[in-house]
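Below are structures written as structure tokens.
Next come two complexes, and both contain chain A; in the first it sits with chain B, in the second with chain C.
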Partner chain A sequence: MKSDIGMLKAIVGESDVSDELADLYVYSSDASVHQALPSVVVRPKTIEEVQQVMRYANGNRVPVIARGAGSGMSGHAVPIDGGIVLDMKRMNRILEIKPEDILCKVEVGVVNDELNRVLKPYGFFFPPTPSSGNICTIGGMIGTNASGNRAVKYGATRDSVLGLKVVLANGDLVKLGSNTRTDASGYQLARLMVGSEGTLGIVVEATLLLSPLPKYRAMGIANFDKLEDAGRAISDIISTGITPSMLELMDSVAITAVNRALNLGLPDVAAIVIFECDGMVKESVGHDIANIRKTCERHNGSGITVSDDPKEMARIYEGRKKLFPSLSRYGEGLVSTPLADDMAVPMSKIADCVQEIHKVAKRNNVIMSAYGHCGSGLIHTKIMMDPTKESQWEDAKRAVTEIYEYVYKIGGTTSGEHGIALSKAPSWKVEKKDSLEMMRAIKRALDPHNILNPHKLMDAPDDWTKATALRYNVRRG
Partner chain B sequence: MGAGHLTRLEGEMNTCIRCAYCFEKCPVFNERGWDSDGARGKVILSYGLLTGQLKPSKYVADKMFRCTCCRDCIERCPSNVNVIDIVSSARADLVASGFAGETHKQVVENIKKTGNIYGDAEVVSPLKEGETPLFLGCQYLSRPNKTKKYIAILEKLGIHPEVQKEVCCGFPMEILGFKAEFESHKEKFSQFFPHKGAIALCPTCTVFLKEGYGLDAKHVLQVISEKIPEAKLGLKVTYHDPCDFSRGLKIIDEPRKILKKLGVEIVEMKDSKVQSACCGGGGGILMSDPSLSDRIAKNRIRQAIETGADTLITSCPTCEQVLKKAATDVGGSEGKNIAVRNIEDIIWMGVK
Partner chain C sequence: MKSDIGMLKAIVGESDVSDELADLYVYSSDASVHQALPSVVVRPKTIEEVQQVMRYANGNRVPVIARGAGSGMSGHAVPIDGGIVLDMKRMNRILEIKPEDILCKVEVGVVNDELNRVLKPYGFFFPPTPSSGNICTIGGMIGTNASGNRAVKYGATRDSVLGLKVVLANGDLVKLGSNTRTDASGYQLARLMVGSEGTLGIVVEATLLLSPLPKYRAMGIANFDKLEDAGRAISDIISTGITPSMLELMDSVAITAVNRALNLGLPDVAAIVIFECDGMVKESVGHDIANIRKTCERHNGSGITVSDDPKEMARIYEGRKKLFPSLSRYGEGLVSTPLADDMAVPMSKIADCVQEIHKVAKRNNVIMSAYGHCGSGLIHTKIMMDPTKESQWEDAKRAVTEIYEYVYKIGGTTSGEHGIALSKAPSWKVEKKDSLEMMRAIKRALDPHNILNPHKLMDAPDDWTKATALRYNVRRG
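Entry: the complex of A and B
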């Protein structure tokens, strides 16, 4: 590899290639628990540069791992076999905004919130709203099929991707999908790329479907003394046919954590439900909010407050967005780890699942929070543990396995939002056992030399704690 | 391995969930673009130094010293990670391993020899009897006209400051990683400045008198804002919040109140108040990487020009210095001009 650094420098320029250990070390991890050193970091600026890097890598059988902000939570951008980390953040031009076609065309290094800032004056937005939108790239969102608290109304990234330009493993550039809202024929290859975690090609450009910015928005919070009441309220709200733009659950652990870290002043109750409705007609938003309020009351929700004050809504929204990181301040010596962190379950099973999560945590000497975009059936959990103790990793491993066994038993799925990569792969492979061979066949067809983010998803190791080194300084005991 | 300054911060570094939220407005990351240049990168590099996975080296030191200590990352971090504590401790370990920059070493030597960062024994305080201890700090010591102006303003407002011979607060030693030198300087400082409280002229000194010495320090603008009379200056300006002001001391309203009372209209920049974009002058990069400092300062000047105001006001002498240079450079290369002035000039216009 060393001797080829010169070749890579010739492609992208001297200052955009590094094999300095310090850089490799920083690029060896993302927001997950994993860590593995790449051999080199390359920062392309153009499609041609990406093509040349891929031709080189394919010819020399060198792994290539596309990377955006490195905010993936399951080891997505961690180069398990070394190789080239392709930092895509320099490809960050917004190429076209076409309000008349309700779409835009961007390079993949564009950051989600920056795109929305530019779209705002046009009266549109790119609707997937990951909490990490302030830093995550469109490429990373496509890689993981990211979504967020507004997915309940607006869907995930896949629902807003019309077309893609992708550099394949052999360096060929292909156009997938279309520029139109409907595209019925043939295999949906653009959609296949979304969520493929960098294993099938390097996405370089995306044509994205936009949504008009709603004119009105209101938000409410309801308190619940019993978690199961909150769960029932959520599934009832959805089944009445209302489509809130946000329907979030926070359990008591999550409430304590945000209050501690962010001073949000949320009430000390078993659970809160945060709901939001948006639209073009004020009365219609008000009508939906009133209905949600009634539903919460029916399920013993109390202290319900509603606001359409943008400042107050932003305060709550920002607090919610920072929930995962703030869990790291839950207790002295405990950190928040993204393990088994985004399962989706049938609506009717939300409350049961949240309760089971707490039971599993207790059994396994860890603390777990439960919160999430429950309006989409999505539950977020984080395991709070002492990451320096080896025994805690064993505890966490058991907890992860037990939680997923339960999730599958009630008809749920491994990941509703963040993707699989390494940490979730062992359980996911059990869940998806009937699809694994088909996925491997697709991977072989598009990447015969297995150079694109290898050993992730269906090819990931069976023990996530040993898939790579853990990024913490773990001691025995 | 260094001198173990990072050891106590292992838990703090584990608390960092590596979310990258601190990328968003890190001025160094925005200019250089490598993950290793941002706040998260610095936390990871520090972790590597702590665990021994990284050895101290010039390359690591260059990365670690490219930080303006603007506190933007701390403000944004949802896990409340004290990135600057981590960075300054990593710097201390690197310095202990022999990776101090020559310009930084010189500053520390200067403080040791002469009591000020310039190494100039001629730089002395304008001694003055009074009631309230006033701490000037090196930047104001070396700008006697500005200092006199502030003293005159205070006198006009009925506050009688006392100025004694002083030595540097020692912040440069602490932030540049010379922790041992700072520990011995601390005693010297306390001999020269034995007070429990003070008014200070420089935002950075004010923060450090509070955080480093536990003094009840107030910035001069906090005092002035309570007594400022009305005037009708009729100016239209944009105001640059120095990092140590809006994020360090959380002083956001006071300078605005002063300007408003003096009849000055403020047009806010895109990034202002607690989200103020850095001027590029802090953290030692002005000495170790002036070209990076210049680029960051020019970005800020461009934001100021976008407001349409013809003057940028700031309240920190370092910001003033780097932004003035950047304004001249941007004026020359891009043909767009803006004047840069310190707030004491405007206050003086209003009260004299």
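Entry: the complex of A and C
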């Protein structure tokens, strides 16, 4: 790799290339369980630099792994085979904001919340809201088709991507998509790039469809003694024509986690459902919230509170908001790992799936919570385990496999918003078994030397616990 | 081809294969200007039959052109190189309707309006609304990413396709996408298939996201003496957070056409804008309609009428509804041809583009109207010309080229909802010049023998007037 370093420094400049071990270590992991050292870290500032890096890498068969904030949960940014980690965070300019065309153009290193901060005075926002919004980049969101708690109303990243500029494996720059919401101009390649996890090209710029900021918002919370009732309420709310801007579930494990960590005093019930509506007309928002309340009541929801007061809404959402960090403090010696973490299932199967998750966890000696954006069919789970014990990784592996077998049986899919990469790939390959060859054919066509984020998705190892080192001190035996 | 016929009859049965000239003639054209005879017409009834036909065709290098209703405007279903036209209309079963999961599963030969008739009692609809809805099939809509006048609120076909079953060129059956709205499970291949115009696979089944039927609807109409005012009103309506369910424009040529054909007495103005709002709450719909009215007034709209009375709404929409057939009766000896017919432009550029269309028409000796779903940036045009004169085809060709040059200059794209195929391909290849090789690589990867709807899109001839015979009696010279 030594000869590479000089070439790369000639392209992006001395200070934006590093193969110092301290730097490589920083770039060796993301928010997943995986860890592997890159050979070198490169921080391009322009499209031309990205093109030159790709030409060099393609000619020399060096893997290139594009990286945003490194907040991915499945190992997207982990350089399983070494090579160049391309840190895209320096390409962080907001290039154009065109309220009259309801779009903006950005470089992919722009951070999601920062974009929304800049858009606010224009009366618009970019709707996807991953909970890592304060750090995650638009590029990373495109790579995984990120969504978040408002996807139930506003869709996922792919629904707001109009066009992309992409540097291909050979360094060619292509413009995909358009500036218009309506687009039937042949192959929808911008949409193919969304969710391709850096394996088909390096996305460098994006044209994003904006949404007008809603003027009014109201929120509510309901407790359910039976998970089935919560599940039926969720399915009913969605299918009767109300489109909440948020519809979240917390199961009993999630409730316990928040109470233990924060002493919030949430009720000891099977499930809590939190709902929000937004819009331009106060009466309409009020009408929708009242309707959801009635639906919750009809399905034996209790302790229902609704409010449009900002403070009260913050209080309602507090437990859900702090759930993710709370899970890490669930029990002494337990760590919350992002495994099997974001399946999506048909709306009517949410309660069944949550119950099955609890059963699978129990018989595999791990603790699992289920929560998330149920209004769009998404269930988040985390596995709380002792990561220092090798046997717990075997437990986790069995649990993941069993949960996904169930998810596929009920018509669900592996990932709703975090993507596949390494830790979800073995199960996902079972789900997608008949189209893996098709994906490989497309990958070969666009990246014949397999340099773009290799060994992910359809080419990932079959045992995720052995795909890379695990970023925990696992005591063998 | 004779030996093929026997093989094909063995696959789908004697009565579902024909090479009679009368049949071939019926399948030689669609709603475009193009015409070319297929070698044989095959009407499969099952996925297995499609797979066997593809295996046979792939082995023998016979082109296969999937066909829905043949209502495509650009030549998608015209078998430019002969081969098998695969009439998908017999695969017309609605397989499942799952209101609890807000989805349905259909074979692709199902007609759009028929699907909506069946969905209505469940309280749902499939939102794309092409004006050919009474004949067009779900498969054809997927092939072109069809949308229609409600795309401004409900999106295009791709936004409502969750999953697909597709038979690949080699006969393999693949399941793409999922049953869930939220999907980050790797490559978004179902979305790649949408809009690929039968060149990457034969779509046989689709899982469709449904929308709840709105309970209330209101409509309005406004006249504008200046096109710019209408354009500003449209851009303003969209960017201030109101989402109309329809926002349509008719220019002066369109108004004249309707008045001549139907004697409707529409006012002699530069533009008419028709708007509709729908929703679950009467007050909210009323609020939105009132707001749009105010926006039209602010931009010098006159004669504004709004109503939620079904009869009055039908009257408001009558001119727009009958515009397409009216254009064919615009003038003695003139025929309305679907050329340059559905560009999409950034919202703020609609008025400029309509004015340019008029200028281009004038200097090229043709008459062009501009109308359409401006709320989503779509402009429909038709060229009214004497199709028996060879010189008029040269006029039309110049006009099409010049209009698209302008469309690209203002950031627009070739097709908003009808697709590319043959007659839009030469200009579209200019728009997409830097990604044509990428498309060809994907096409080769999935269809190495180039049997799926060959010579369309990136492989279409460079002169659309000579791509096939024209389906008019053109007197040479």
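Heads up, the rule we're going with is that the second predicted complex is superposed on the first by the 460 of 477 C-alpha atoms of A that agree within 3 Å, B and C clash if a C-alpha of one lies under 4 Å from a C-alpha of the other, contacts with A are read in each partner's own complex, and residues count from 1 in each chain.
Keep this in mind: a contact is a pair of C-beta atoms (placed from the backbone, for glycine too) under 8 Å apart; a residue touches a chain by one contact, two chains touch by 3 or more.
If you're wondering where the values come from, they're calculated on a predicted model, not measured in any experiment.
Novice: Does chain B (first) or chain C (second) touch A:Ser245, or do both, or does neither?
Specialist: In the superposed model, A:Ser245 contacts neither chain B nor chain C.
Novice: Quick one: classify A:Gln51 as touching chain B (first), chain C (second), both or neither.
Specialist: Once the two structures are laid over each other on A, A:Gln51 reaches no partner at all.
Novice: Given the touch rule stated above, what does A:Glu100 touch, chain B (first), chain C (second), both, or neither?
Specialist: Second partner only, chain C.
Novice: Look at A:Ala156 in the shared chain and tell me whether it touches chain B only, chain C only, both, or neither; answer first, second, both or neither.
Specialist: A:Ala156 sits against chain C, while chain B stays out of touch.
Novice: Specify the partner with more touching residues on chain A, choosing between chain B and chain C.
Specialist: C
Novice: Can A:Ser376 be said to touch chain B (first), chain C (second), both, or neither?
Specialist: second
Novice: I'd like to know which partner A:Thr137 touches here: chain B for first, chain C for second, both or neither.
Specialist: neither
Novice: Does chain B (first) or chain C (second) touch A:Tyr25, or do both, or does neither?
Specialist: After superposition on chain A, A:Tyr25 lies in contact with chain B alone.
Novice: In the overlaid three-chain picture, which partner chain does A:Ser423 touch, first (chain B) or second (chain C), both, or neither?
Specialist: Neither partner.
Novice: Pick one for A:Thr295: touches chain B only (first), chain C only (second), both, or neither.
Specialist: The answer is neither, since A:Thr295 touches no partner chain.
Novice: Across the complex, what residues on chain A touch chain B?
Specialist: 18, 20-23, 25-27, 29-31, 41, 43, 69-71, 87, 89-90, 132, 134-135, 261-262, 321-322, 324-326, 328-329, 333, 335-336, 338, 387-388, 471-473
Novice: Chain A touches which residues of chain C in the complex?
Specialist: Going through chain C, the ones touching chain A are 98-103, 123-124, 144-147, 151, 155-156, 158-159, 168, 172-176, 178-189, 191-192, 194-197, 200, 212-215, 235, 238-242, 279-281, 283-284, 287-288, 342, 344-349, 373, 376-378, 411-420, 428, 431-432, 434-435, 437-439, 441-442, 444-446, 457-458.
Novice: Considering only the defined contacts, which chain B positions touch chain A in the complex?
Specialist: Within the complex, chain B touches chain A at residues 10-11, 14-21, 23-24, 33-36, 40-41, 44-45, 47-48, 50-51, 53-54, 57, 59-60, 63, 77-80.
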